[in-house]
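Please go over the structures that come below.
There are two complexes below, and they share chain A, which is joined by chain B in the first and by chain C in the second.
Up next is the complex of A and B:
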């Protein structure tokens, strides 16, 4: 919200000082900025300070991030799960976005409804819904066993597979929205021209349509990846203790083992990675456009 | 995602209204604080929420207010070690007494995060020997007990070693994600005599757990343990006896359990360092030692009385589910609170890493 308004004013003038009307706008923004400073930036700085001072002042916690076997494992697990989730979400998201983009208006609004309803549903509800489907006496296993397709239940939950299913399902709408935005921006006459010049439907898609959606694909990849990095509830419910991701590891160090310095260092590192990714994202495309801003 | 913000075309709040609201917001803390100062001493007991809120209220808070006039509020936030530390370090301690694990008193107490228990007010003779800790006093007894789904197993597992017998007892097993019980089970299964378990040989325990690792899932919350057993996700588990009691009742006996080789653990009342009204808090802790109140909690929550006199006066149907009952106590393994207090933080990380690898 704040960035939206700030961006709106700065577009008119680089430094909105000296103009009476703009000063008034700054006054409106000021409380938000103060809130951000006091309730967001200061605590964030405190987290950073804890990472350098607990239990002793120095970079020890950051060194541990690289030479502790357990942390390395958690980081690798997180990166693996996030990468797989991102690839699946964007591929599935692309197919859905394409279907929506070419659908007639009535179908389109129905499809959007079907995408957005789960998007608004609590992550907890969705994780438990998957438990119901995937568990060893769950809907899927009972169905497969009822006609003898399998004799012993498939192990689909309390492991990494369950976590991936839950996370991909959660992230697909986040992939669809930026992809759809970029697909909607494509001028349909380009496709018509390509067909008119003798390209088949596949060729038109591969040579014209898909390259034009590249910024959308890039945005979807990064957006989904950033969000998956912080996943907490889904791995806990569907992982059964066998899949520990960074967010859960940080929580355990904060709440159970009281290694606040280490937890803060890990959180800071995660934040830096996310900021770098956002930086990469904003260089390649207009953030406001991607997030649906005017 | 498509939350385009349109500038409002009309003013939603007039300037005067805005000023009035700001003024009220600024004055509110002073008004509220003044109100609190006038009120009588009020204590806050923090536990883990759910049914424990009304049950602790009925068993302890209400009778205490009736006798002393001091009001006790039950807060179900869940006093994790991290939250207690955060509160103490913020120097604004609003909690008086927390429902914590027994070893939390040693773990946090040694870090200077807890008040010492004043045993001139709290009675050390109203808990079992060894349960009057320096920074905490036993509040109730609970146990990690062998629990199984009888529709999944032909015979009943009766010892911890049975967790390792995959032929006789097929299916997945569940242990607590935060370690208590699992290492003890592994060592007993590996042949360590029950009375020589502590100090736990962690490496040996993890090596033994490796044998059945692919068959283990971990329960995080008590509700998880119930779900796993009720839904047949696991055939057996080492879970809180309070949950086993509920499971047996809810499944009409399909899920069964016993105290044999259960890990009996004291919970403790702990007081965060810098808490207000420490003396009144100690009086409240002493008040909660009354055996008849503890029997109330045994009835509503299956929490075993910390005071042996409470166990002695429990009727037969409650004695059956009381880990502190002499007959049950004898067949369980008492947790070494000192060992956990000293080693928990380090070993828990090894344990979690073991399962994540």
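Up next is the complex of A and C:
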């Protein structure tokens, strides 16, 4: 580290303009900073202010978060759905990442393409695609009924099951990337060493490979959990009003019951939780490396 | 062959490994005796590492057979062979402490806890790493990691220890120290060591026997001094140490001494077997066997005229390069004091050596 610093300062000294160039940089960045300030930070602060001032100045809205039963139910539903989604996404993501990690280069690029394609598809399209598959007259039900596996259609939409399916499907690629990054970082000779020292393939996986992917697992868990907390479109379409998560609840408070103060307090609380989780995440891992380098 | 003969012998028979058009290991047969320190030596890509990986079980054989003490292990998985292995770059498990790394092969074998502890302590004591047992590998220097890798490979008392360029990542000074330690370890343990390296000095200083590889095949097997003093081919003579080569034609053979005509003059060459009269012959000569004379000698030594091209001062001795007409540049190593009169470019000098100092080699 000391040498890096030394190299940095000596390079700076080689540049004749020195600090003035830093000022030029600022000029280029300034418009973006202004945009962020005006269109992001100020509104955010306003949300925070509304949560403390509407309908009356004080912490009432935040107190309500803890003793309002409806809110408690929504928060619990959200936490439950997010936890289940996270666990399933990371388990499925782990299997996919492992397959990619050990695949030969050509298969690997094909697999990576398949994993990344969903990123270019609207969440709306994906939710409706699942409705088509899961609803009572949908592809899966009519297929199962056509040869008598079931007599009445399984109820797979307008409930938590449908929401979970849609959300897990959306989140798996986000779990794969940090997991794959950590798997790619494992020196293959470690596995060879484990085999050479007497551990079979399964033992080598459990005792060496898995523990070495722990940072990746941790990163994937937090990343997926953070993202699921804010899910909006998928629960609305696949939950059909029966499964209400925080984001949807906030919208209802904003647009229908017009309790902006409460909505803002919920939004602020959600933001704080997410920021804390991101803090934990960035401590455990280099974020840029986690998302596939670059 | 009695059972006793084959006890613990590692037999490699006609082993072949093909990668596309390349025969990485090409019909290699070898018998390794229990307790032997055998080095597989060769330039990179000569097949030595592939052969080691085949012995370890990481690379499947395309043809041939590996037997251990009369048992066929050709198709056995690596974890079933019960060999210790030290990898290039050590391959210590980064999430486990030194102690846990060394205990790993024992725990896998479900040895009782007390036995694991005792074996780990013995292994760590042996490499003097007990005081760092609770460190993680990344908190250790390269030399220390190297020792832990050794301790881990021998903690479960394998019958065979495979070492894949274990000193490759160490700096020169440290390498010599660790060489001595590994050699000492081998003597204490009595385990068979199979050691891969491309460093000829390492091979010469540590091995009981050396196998020299070239393009997937064994070029020569022998003790270090056999290989150094009696190389069979041009390749072995130039790969192991340095050699000068003098080509000529056999004129006559008289009592084991061949008279050879070279473009620079006639020389004599001792040897049990010589090619027939009239055929080509190559004599390999170590630079340190050559003496420089100001006048041609009248004794029985071979003597060829040359001119000094260049020299290097190497402390105890001088390394001369001498042009010999029709043969090319010849290197000679001369004690510093004896070389003094010849430190002049273009100076005429006579190269002299005893007929028994040269070795007849094949042109490969």
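Note that the second predicted complex is superposed on the first by the 273 of 294 C-alpha atoms of A that agree within 3 Å, B and C clash if a C-alpha of one lies under 4 Å from a C-alpha of the other, contacts with A are read in each partner's own complex, and residues count from 1 in each chain.
Note that contacts are C-beta pairs under 8 Å (C-beta built on N, C-alpha and C of every residue); 3 or more make two chains touch, one makes a residue touch a chain.
Keep in mind it's a predicted model, so treat the numbers as computed, not measured.
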item	value
Partner chain in contact with A:252 - chain B first, chain C second, else both or neither	first
Which of chain B and chain C A:192 touches, first, second, both or neither	second
First (chain B), second (chain C), both or neither touched by A:236	first
Greater residue coverage of chain A in the superposed arrangement, chain B or chain C	B
Which superposed partner A:135 touches (first chain B, second chain C, both, neither)	first
First, second, both or neither for A:211, with chain B first and chain C second	second
Partner chain in contact with A:200 - chain B first, chain C second, else both or neither	second
Contacts of A:72 with chain B and chain C, given as first, second, both or neither	neither
Touch list for chain A against partner chain B, complex	1, 4-5, 69-70, 73-74, 77, 135-137, 157-158, 174, 177-178, 236, 240-244, 249, 252, 254-260, 291-294
Touching residues (chain side chain C, partner chain A) in the complex	56-58, 77-79, 82-85, 87-89, 91-95, 104-105, 108-109, 152-153, 156, 162
Of all residues in chain A, those that touch chain C in their complex	187, 189-190, 192-200, 203, 207-208, 211-212, 214
Interfacial residue positions of chain B with respect to chain A in the complex	1-5, 80-83, 85, 111, 172, 177-178, 217-220, 231-233, 344-346, 348-350, 352-353, 355-357
